[in-house]
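Before I ask anything, let me first share the structure, which is written out below as structure tokens.
As written, the chain order gives the labels A, B, C and D, with residue 1 at the start of each chain.
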Amino acid sequence: MFETDERRLARWERRAEWPLTALAVVFVVAYAWQVLDDRSTPGLHAVLEVVLWVVWLVFAIDYAARFKLAANKRKFFVSHLFDLLAVLLPMVRQLRVLRLVTVLKVLNRRFAGKIRQKVGVYVAGVTTLVGLCASLAVLDAERHHPDATITTFGDAAWWTLTTISTVGYGDRYPVTWEGRLVAALLMIGGIALLGVITGTIASWLVERLSGVEGQVVEAEQATVAELRSVRAELAELRTELRAARAEG
Amino acid sequence: MFETDERRLARWERRAEWPLTALAVVFVVAYAWQVLDDRSTPGLHAVLEVVLWVVWLVFAIDYAARFKLAANKRKFFVSHLFDLLAVLLPMVRQLRVLRLVTVLKVLNRRFAGKIRQKVGVYVAGVTTLVGLCASLAVLDAERHHPDATITTFGDAAWWTLTTISTVGYGDRYPVTWEGRLVAALLMIGGIALLGVITGTIASWLVERLSGVEGQVVEAEQATVAELRSVRAELAELRTELRAARAEG
Amino acid sequence: MFETDERRLARWERRAEWPLTALAVVFVVAYAWQVLDDRSTPGLHAVLEVVLWVVWLVFAIDYAARFKLAANKRKFFVSHLFDLLAVLLPMVRQLRVLRLVTVLKVLNRRFAGKIRQKVGVYVAGVTTLVGLCASLAVLDAERHHPDATITTFGDAAWWTLTTISTVGYGDRYPVTWEGRLVAALLMIGGIALLGVITGTIASWLVERLSGVEGQVVEAEQATVAELRSVRAELAELRTELRAARAEG
Amino acid sequence: MFETDERRLARWERRAEWPLTALAVVFVVAYAWQVLDDRSTPGLHAVLEVVLWVVWLVFAIDYAARFKLAANKRKFFVSHLFDLLAVLLPMVRQLRVLRLVTVLKVLNRRFAGKIRQKVGVYVAGVTTLVGLCASLAVLDAERHHPDATITTFGDAAWWTLTTISTVGYGDRYPVTWEGRLVAALLMIGGIALLGVITGTIASWLVERLSGVEGQVVEAEQATVAELRSVRAELAELRTELRAARAEG
């Protein structure tokens, strides 16, 4: 019974993977269009807004469906608390930028499956994607504030670069509550990125080391095999000796 | 005699643990209240001030009691020099922000015991707590200075974030002597945090490696055991051979 | 047939190494001269410009020749995509600063071959060279902009230092599109530099460890050799015993 | 002959150790006094200046003496090039701040010998000493410049802190050529400091690992010893068997 539920959850996740990835791409494109084309006709703006909310709604439904299919609902709730927050918090207008977190998580999952081997490509790809989304989000948040220093996409991209590298000149910085939230996420992302790089070097180190270790374990096993055959030889020798005594 | 003293010290520390943790929480709450509710009635302000000093006094008494119970007073004095400074220095009004150091140390000790296994949760928790206290302390120090750029809790939190991530835009920075002391502690905390993260990765690395090592050591021991049984077999063989000769 | 092509490509690269290094040095000197001697007579300026484009052209021809000699053209194209971009992009006037990337790559290759053992010297050398080129490039890009804060070589060198160390005071920062491109490359270079330092420490660690490992592997091999001679001894013993029985 | 020279050089260095350390402390104190007591009577100022130059002269003589005693002068010249530069460059008035480099090197050597075991104390001590000297040097360089933002010791210490932690708010920054030289040295020092911390963690890691390794090597040696006694037993067995055949 439980097993069936688990299997149904896994099947749901496998089937939902492609559509969710496609929707995540749609979301990023629509979001970029809305932010970059600030003076678009109100009609187009409204269409893009609807697209963004529909995608967000599909992600909310995906969470609900997975919750429904989970066998152990409490465990699912606890271990997917972050997912729930990323789905619920954007309902507050001021926090709608957090919709990007869910979208990035979906894209990252697909992305990681494909190219995790090529760590350089993976890190570069994730950094570019996160940087792009952060630039769009901070531009969206800051643009219309009277004291804003980030008013064009160029400014936003430059600010993202100086922040993620922790250089922080301070010629551009967010002044709104929402922009600072983006900055906080970007800084956490930057530290996480460094952690991934360190972790990669560490795991590469382990691999090289366990290569030698593997050799030692193999040699060890050869020794034990050799010893067993020595003991067998000895046992046979004793048998022969007994036979000799019996004959003698 | 000495043993008894040591045991009495350990018993004191075990018994004082819960009350001190509770008092540390009380201190942080009272301090936050006092700083955030700047325009409170003078009466309430005075009450909070009294609470803060009473908690500090209890921590001072705890130090004195532990000093009294210690068998080797000189060794205790040297190895708890930092504790003594954290208790004595806040008597100077300008350094009263250092009371937070003692409080954070107590909270960290309890915190660490509970959740050190879940490193991610631990690091996030400590960072949040340190960041909160630093924000309150810098706001307290800066608020009434004429050149201050940090005048609201939002500003203080934003400044803490840009400092601990070492981005440092420079749109907000402390200008008072006391605020800069908080900044110094926060920067040291930030570097320590990075050290903890690196150390965690390193120890995880050691664990994975010593897993393989354990295997090798086990295989080694199996080899030696096998060899011993081979030697026993040989000894028996010699005995039989002698018996054969005696018979022959 | 393929083998021959591969060998011809390797021979080309071996023969082109010295001339390309010399041209790279010529390029850096001419570029530095052009940037630092801003008020030179137009005639000299034009000569230097011609020198720079000729060197770039030779690098483009080198790419074309290597492409022509490559046995598997598709594989060469994919694995040398970065080289191609570094040769093609500078044709756009705004991106001509990217010519320095090709030049630095050639210099680094020679440099690395000579002194990779002395890691300290290597890191210091590369950092100095990259810093020098970045200073020249940012000065070239910024100097004539009305809002520029980087207008002398001293300013540019100081800005490079604050950027590569990620301190980023923000007293000087690029304001042009081209200058920010230089900054982006410099920041990536800075992170890469830290990666090299970490990687060096890691590999030194591996070396020290595999020293011990090598000892273990040797000891293991000695054990197996010893065991084989024990088995030979046993076999001989059995032969003797059989002879004894035959005699008996 | 050569041996004797080497021994004489070693004896010189051992004997000069204490006086040079004392002179280094004198230098730092005199330098601090001169910088902090800016409005002292010209007479006192002149006395301190003389003290500083005398100490520098003694360090120059120490270099000359060691050069004279060195058996292989060319090798000594190459491997002590840095020492020579630190002694010669301060003769240029603009570079007199570099005298501090020689002084710090001497203090570090003594310091390191005493407390290298206690890494935390060592790192804290070196950082404090370097920070103090950098604060004094930057204050000395900047104070009288019209655009200076660092004009008091408090400012200088705050600037040093924001620089060595790579936060770099940019509220204070050097504007003179000499002050920027101090900044460059401080940033290099900051990166070196991080390298020391990483290196310490790495070496601690190696120690913990080689603890297990040592166990494996020991077990290996026990195995080989065991095997040798097995072979001895076998040889004896063969001798007995031969005796039996002779008897039979």
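The rule is short, and it goes like this: a residue touches a chain if its C-beta (ideal position, glycine included) is under 8 Å from a C-beta of that chain, and two chains touch if they have at least 3 such contacts.
Chains and their UniProt names: A, B, C, D = Voltage-gated potassium channel.
Keep in mind that this is a model prediction, so the values were computed, not measured.
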{"item": "Cα superposition angle of subunit A on its copy subunit B, in degrees to the nearest 5", "value": "90"}
{"item": "B-C or C-D, whichever has more C-beta pairs in contact", "value": "C-D"}
{"item": "Over-half contact-pair match to A-C, picked out of the listed pairs A-B, B-C or A-D", "value": "A-B"}
{"item": "Same-site or different-site touching of subunit B by its copy subunit D, using the half cut", "value": "different"}
{"item": "Distance between chain centroids, defined by C-alpha means - subunit C, subunit D (Å)", "value": "30"}
{"item": "Mean-CA-position distance for subunit D and subunit B (Å)", "value": "30"}
{"item": "Between subunit C and subunit B, distance of the C-alpha-averaged centres to the nearest whole Å", "value": "42"}
{"item": "In subunit B, residues with contacts to at least two other chains", "value": "162, 166-170, 198, 202, 205, 209, 213, 216, 220, 223, 227, 230, 234, 237, 241, 244, 248"}
{"item": "Touching residues (chain side subunit B, partner subunit D) in the complex", "value": "162-163, 166-170, 173, 177, 180, 183-184, 187, 190-191, 195, 198-199, 202, 205-206, 209-210, 213, 216-217, 220-221, 223-224, 227-228, 230-231, 234-235, 237-238, 241-242, 244-245, 248"}
{"item": "Subunit D-facing residues of subunit C, complex", "value": "154, 158, 161-162, 165-171, 197-198, 201-202, 204-205, 208-209, 212-213, 215-216, 219-220, 222-223, 226-227, 229-230, 233-234, 236-237, 240-241, 243-244, 247-248"}
{"item": "Residues of subunit B touching subunit C in the complex", "value": "166, 168-170, 216, 223"}
